[in-house]
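The following pair of complexes shares a single chain, chain A, combined with chain B in the former and chain C in the latter.
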Partner chain A sequence: MGWQVIRGWALAVYLFMFLPVAVVVLLSFNASQFGSFPMTGLSFRWFVELAHNDAILRAFRTSIVLGLLTAVVSTTLGVLASLALVRYWVPGRNLISTLLIAPILVPEVVLAVALLLFLNALSINKSFLLLLMGHVIFTLPFVILVVQARLVGIRRDYEEASLSLGASPIQTFLQVTLPLLAPAVFAGMLFAFTISFDDITGTLFWKPGGVETVPTQIFAMLRNSISPEINALGTVMIFLTVGLPLVGLAIARRLAMQRGS
Partner chain B sequence: MSVEAREKRQPWILLSPALVAVTLLLFVPLAFIVVYSFWLRTATGADQTGFFLDNWNEALSDPFYRDILISTLRIAAITTLVCAVMGYPAAYFIARSKGNKALLLLMLMLPFWISYIIRTMSWINILGVSGAVNWALIEIGLINEPLQMLYNETTVILGLVHFLLPFMILNVYVALESIDISLEDAACSLGSTRWQSFLEVTLPLSLPGLAAGGLLCFVLSAGTYITPLVLGGPTDAMFANLVFEAIITQLNWPLGSALSLMLLAVLGTLVLTYNHFLGMGQLMKGLG
Partner chain C sequence: MSAVTLTNIVKRFGSVTAVHRMSMEIANGGFTTLLGPSGCGKTTTLRMIAGLIDPSEGDITIKGRRVNDIPIHKRNLGLVFQNYALFPHKTVAENVAFGLKYRNVSKADAQEKVRRALDLVQLPQVGERYPKALSGGQQQRIALARAIVIEPDVLLLDEPLSALDANLREDMRIELKRIQHRIGVTTVFVTHDQSEALAMSDKLVVMSNGVVEQIGEPEEVYTTPASEFVARFLGTSNILDARCTDLDTSSVVLDVPGIGRIEVPRARAPHISGKGAAKLVLRAEKLTVAPADAPGDDAIALPGTVEAVDYQGQAARYFLRLGEIPLQAINMIDQSPFAEGQAVSLRLRPRDCAALPSTE
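Entry: the complex of A and B
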């Protein structure tokens, strides 16, 4: 009996999580003028309008470029730091770990204010560079946590074998360590990209006037009213942000399997 | 250089880019806004450097700020409580399920990946004047005019719960998963009922996960300003909204610095207290 209640409860929680999102997808295909019930028919017209909306296309480009750069910089910093923390004995290891994950322990609004005002005092105004630095600093802890978790599982024997067989440390890193690291690097980049792509809290503080990312563009559109176009944009975002990690997961699994065989 | 010396230097070379980034982009800026909060923004828009207590005086003694701080903490507390009550049984279900756990977890992670702003605004489709609920109620003839359900404190909490619930479930799940099921069986075979064994064995052992999830929910909800802007009314501003107003709208950066530091002090105390009693280990398990 008790188990049935728990199962029902869990089902209700899943419904609570998914229903609003499902309604966004459903309404984005609504043929009616207004993005609301009742549905008057199925139509792709809002997606067509989306594809012709310059502001939204620009926002997409900005978000993708920003996300990719963030992923590359943040993962580079994160992988190097994780290697040091997992592979070497470092004095004060706990303190260093805490310092490196501090950006997620500080509320993002506070981080956003501090970074904006400090860089402004150094005459770095609201700009793409400021956005990038902000995104790097708050994705870094996530990258470090994910990469460290993966690194722990990689045995050192391969590298030691390579070194003892006469390869130089650099050769060993490029030909043995890096391929072994690939899934961790990949997971870190994916995580950084997704978090950057989704961010709005810091972005609203750092973005220069006239530059919008996809989330800030949606936010600006919400100020007027909820149009079917927003639902269509939401649907595109849902498929992107859900599809991307799923594809990523599949690739990571394949990489892991190749290594295993 | 000897091999040993190189071995010793290597980790620092690897760590330095990340440490430099965190120092220059987080710690120095934080120290800077501490100094900045004692400056004054003059009527001309220029900053007057010096040591003035005006901003702190305003931030700490104005009942307007105090009331919003209190209501922010109240909203965060209610959100955390609702997440715990909704999330615990769901996490228990996943952890003890005999079905496909990976799939259940994946389904929980999906909303995690879906954009925060999309998930927040999705409630307008449900509860808005022309949303699903009003439409359904009118269709079945319960009401004639659409109800105004949006833009109040309840919808702000609803949006926050929807955003934060996966954090709670994941943390509780990680804790439950690490408990040996045979402990519960042992308690049962020694004569306690299922319910008793849950209350006296499983629940206490899962408390660290509940605390980690609770901390995340509380800190993240107390620091938000987007949800109140999208789902709240004009009087539902939270503390981070005041920070946003001061920095972006009024351009009073010294006052904004003081307000940010106030928020940091309150939430930082909470994080430090948590760290003192429980350590960061459990939290990291849930995140990684």
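Entry: the complex of A and C
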């Protein structure tokens, strides 16, 4: 009896959480020109229209470029920072570590305003580079957490063995440390990409005029009307941000299994 | 020429001195063991030779070349770790070939060298496998192959057998010694296991608290310990307070309370320099327990009692009492061991004893 209640409750919670998402996906295939029930027929019309909407395509391109750049920059910095913090004795190591993780703990709005005010004080104008920097700041903690956790688990004697066999420190990093770290590096990149791709709060503050990412574009469209196109766009976003990490994790797990670590 | 020399090496970690004024020479082609309890500085010493840590003071030379400022990857050393440290993302053959990539060896030569190294460690057929598919003992052989294929100037082994289970450890001990003989590489072996050290080494360096206690051949170190620490660390010893009453070039005369006068050969008491307080060292296996009524022989016979017996199968360890003095004896069992509380005769020969100067 008790278990039945708990099961039912869990089901209700899942419904509460995922039903709105399901509704968006369902309505994106609605033939009606109003983005709401009742459904009048099944159609890919809104996806086609999406593909012909220049503003949305531009936003997509911006989001993808921004996401990729964020992933690359954030992962590079994150791997280097993790190496320094885990493998070397750095003065003030704990403080640096806390500072690097801090952006997760600070509310995003506060962080967004702070960076904006800071750059205003320096009289630097908003730009794509600034937007990228902002995204790097709050994706970096995720990369560092993932990479550090893996790095702690890689015993130093692998690196010492490589050095003793004649590989220089850089060759050792490329031949031994990085391949062993690969699953974490990959996961970090995925995190950074999806977080950047999804972000709206920071992006609204930092984006220069005329630049829109997918989330800010949806936000702008919602102000005018609830077009069924938004449902279609939402569906695409859901599949991207849910599917990408799943595929990524599967690949990472495969890599890790192959290498026997 | 010595393969490795350490001169006045000091290593401090903060306020802790891990190695204190250590000097030694490691002979070319020999098998030298650094032996001591954990924390005695043996691994620190090995890592300084390897170049994984820098000495605070002193010089290290390898093949006559001062290496203090030469980083590890330019020292041409073979290093084998306790946990094997095979690269999990490379096959066995890639692991073994790893060091050759940095040594201007042609691909064909490298393949040949890898094949020969795998033959040497008797695992010729595992080249295509990944390390995780091998047992612990096999992994350790591959680690050894990887270290020797580069023809290192010195082979450094950091407790390579301690992760293996007991039977395998003894097999690997013989195997390691065979391979070392075969290729004649100068080897420095670190262990806390005295039986490994005694069985494998040409030369034993016993360390304690960052200080070298004794350097010598295994038999010499075992029979003529240079300090009370060495006597206690290797095997089981009875160490008794004594007084040196006379000495000349052939013998040292000790007066041992409760036992009497014992004339120890001079060769077994090289560190006694004059009359006064001293210690008598008697190995537990050199103290024979006999029935109380056994006929006398050439040994000194003393009446004692058995307090406790530790039965070990072919041998037994007896905790004995001679008047007020507690003693230990390890004897082979003839038929059945002596019983607890039994009155026995304790036999010892002066020529089996060693003497040390008293440190108090």
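Criterion: the second predicted complex is superposed on the first by the 254 of 261 C-alpha atoms of A that agree within 3 Å, B and C clash if a C-alpha of one lies under 4 Å from a C-alpha of the other, contacts with A are read in each partner's own complex, and residues count from 1 in each chain.
FYI, a contact is a pair of C-beta atoms (placed from the backbone, for glycine too) under 8 Å apart; a residue touches a chain by one contact, two chains touch by 3 or more.
In this text, all values refer to a predicted model and were calculated from it rather than measured experimentally.
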Sticking to the clash and touch definitions up top, decide whether chain B and chain C on chain A clash or fit. fit
Using the superposition on chain A described above, determine whether A:Ala167 touches chain B (first), chain C (second), both, or neither. second
With the two structures laid over each other on chain A, which partner does A:Tyr158 touch: chain B (first), chain C (second), both, or neither? second
Does the superposition put A:Val176 against chain B (first), chain C (second), both, or neither? second
With the two complexes overlaid on chain A, check the angle at chain A between chain B and chain C, Cα centres, nearest 10°. 100
First, second, both or neither for A:Ile200, with chain B first and chain C second: first
Partner chain in contact with A:Leu77 - chain B first, chain C second, else both or neither: first
Superposition-derived comparison: chain B or chain C, residues of chain A touched: B
Quick check on the superposed pair: does A:Ser63 touch chain B, chain C, both, or neither? Answer first, second, both or neither. neither
By how many Å are the closest C-alpha atoms of chain B and chain C apart after the superposition? 6
Where chain A meets both chain C and chain B, residue numbers: none
Okay, in this complex, where on chain A does chain C touch? 155, 157-158, 160-169, 171-172, 175-176, 179-180, 259-261
In the complex formed with chain B, which residues of chain A make contact? 2, 5-7, 9-10, 13-14, 16-21, 23-24, 27, 34-38, 76-78, 80-81, 83-85, 87-90, 96, 98-111, 113-119, 121, 133-134, 136-137, 140, 142, 144-146, 148-149, 194, 197-198, 200-201, 204-205, 214-215, 218-219, 222, 226, 230-231, 234, 237-238, 241-242, 244-245
Complex interface listing, chain C residues touching chain A: 50, 52, 71-79, 81, 83, 85-89, 98-99, 101-103, 130-133, 143, 146-147, 150, 156
For chain B, which residues count as touching chain A in their complex? 7, 10-12, 14-15, 17-19, 21-22, 25-30, 32-33, 36, 86-87, 89-90, 92-94, 107-111, 113-119, 121-126, 128, 130-132, 135-136, 162, 165-166, 169, 194-195, 219, 222-226, 229-230, 240, 243-244, 247-248, 253, 256-257, 260-261, 263-264, 267-268, 271, 280, 284, 287-288
